[in-house]
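Order of writing sets the chain letters: A, B and C. Residues in each chain are counted from 1.
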Amino acid sequence: MKLIIAIIQDKDSNRLSNAFIEQDIRATKLSSTGGFLRSGNSTFIIGVEDEKVADVMDLIKETSKTRKQFMAPPVNLDSPMEAAGAYPVEVQVGGATVFVLPIDAFHQF
Amino acid sequence: MKLIIAIIQDKDSNRLSNAFIEQDIRATKLSSTGGFLRSGNSTFIIGVEDEKVADVMDLIKETSKTRKQFMAPPVNLDSPMEAAGAYPVEVQVGGATVFVLPIDAFHQF
Amino acid sequence: MKLIIAIIQDKDSNRLSNAFIEQDIRATKLSSTGGFLRSGNSTFIIGVEDEKVADVMDLIKETSKTRKQFMAPPVNLDSPMEAAGAYPVEVQVGGATVFVLPIDAFHQF
């Protein structure tokens, strides 16, 4: 068994939760408030057999990895008409930080 | 020293907290919101001497293990009188998932 | 890489967050509600290179260690004038519990 701790952006956490449920992977979500450096993140604790670690990595990568996304430009409240002809802006979203930890023992009661 | 991470149901967390206090075991409770597979759980982080790991396991097992419990049947709001003669139903409650982790160092400042 | 889990008092958590940002140390803050034995605490998860572990320890110690502090005495609401000439009281604040954990693997996606 390994304990995996994965920190991902809030916006990706529902998709990751659903992926874990579909694959029968036991995970618990902790609320990380006031996270900094990456505000608005979720921390998952996942217990898996050694041979499933790579599968969990793939799921996290697929649902949560850093990627570019086009967003509507922010509206200037002082002169909202200015944004009317503005182009969408490309921003970076997502990103996952993952630790795989050895464990001495695992119990279920 | 070991670091124990225990995920238990919310309904058992006060009893476990009290048991830890009585036994002078230092524990911190993290809020696990949106936990899935087991909704409504609490995650405890406990630091203990190697020789007390078994005691902590016993406390967790005693307060939080999976067990059967009789509950009043849910009331049917459309015809509430129907439940009047209904039998209590037996449901499964509790359950604990516990990881024991090795540590490289432990400090208190 | 090491994974550091640090439990500190809420009142010190902003200063520690700022210190981590200044030093380019990646940390995530979990909300620990209902923490007992030390109510009102914050739990930080920090991933660092082995050679920076000592620096992180220093930061935690500097911002969060147990210390004495003078506080205005609590006001007696029944006879508030009594406190007028009272001396400030010295109380103990702060304190950090820190675990350094080995990791098998670290990934960023």
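Assume contacts are C-beta pairs under 8 Å (C-beta built on N, C-alpha and C of every residue); 3 or more make two chains touch, one makes a residue touch a chain.
Every value quoted in this text rests on a predicted model; they were computed, and no experiment measured them.
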| item | value |
| --- | --- |
| Arrangement of touching chains [line / ring / star / complete / other] | complete |
| Rotation angle superposing subunit A onto its copy subunit C by C-alpha atoms, nearest 5 degrees | 120 |
| Whole-Å gap between the CA centroids of subunit B and subunit C | 26 |
| Shared interface positions of subunit C, touching two or more other chains | 30-31, 101-102 |
| List of subunit A residues in touch with subunit B within their complex | 1, 3, 13, 17, 20-21, 26-31, 42, 45, 47, 101-109 |
| Subunit C contact footprint on subunit A (complex, rising order) | 2, 5, 7, 30-38, 41, 43, 53, 57, 60-61, 64-66, 95-102 |
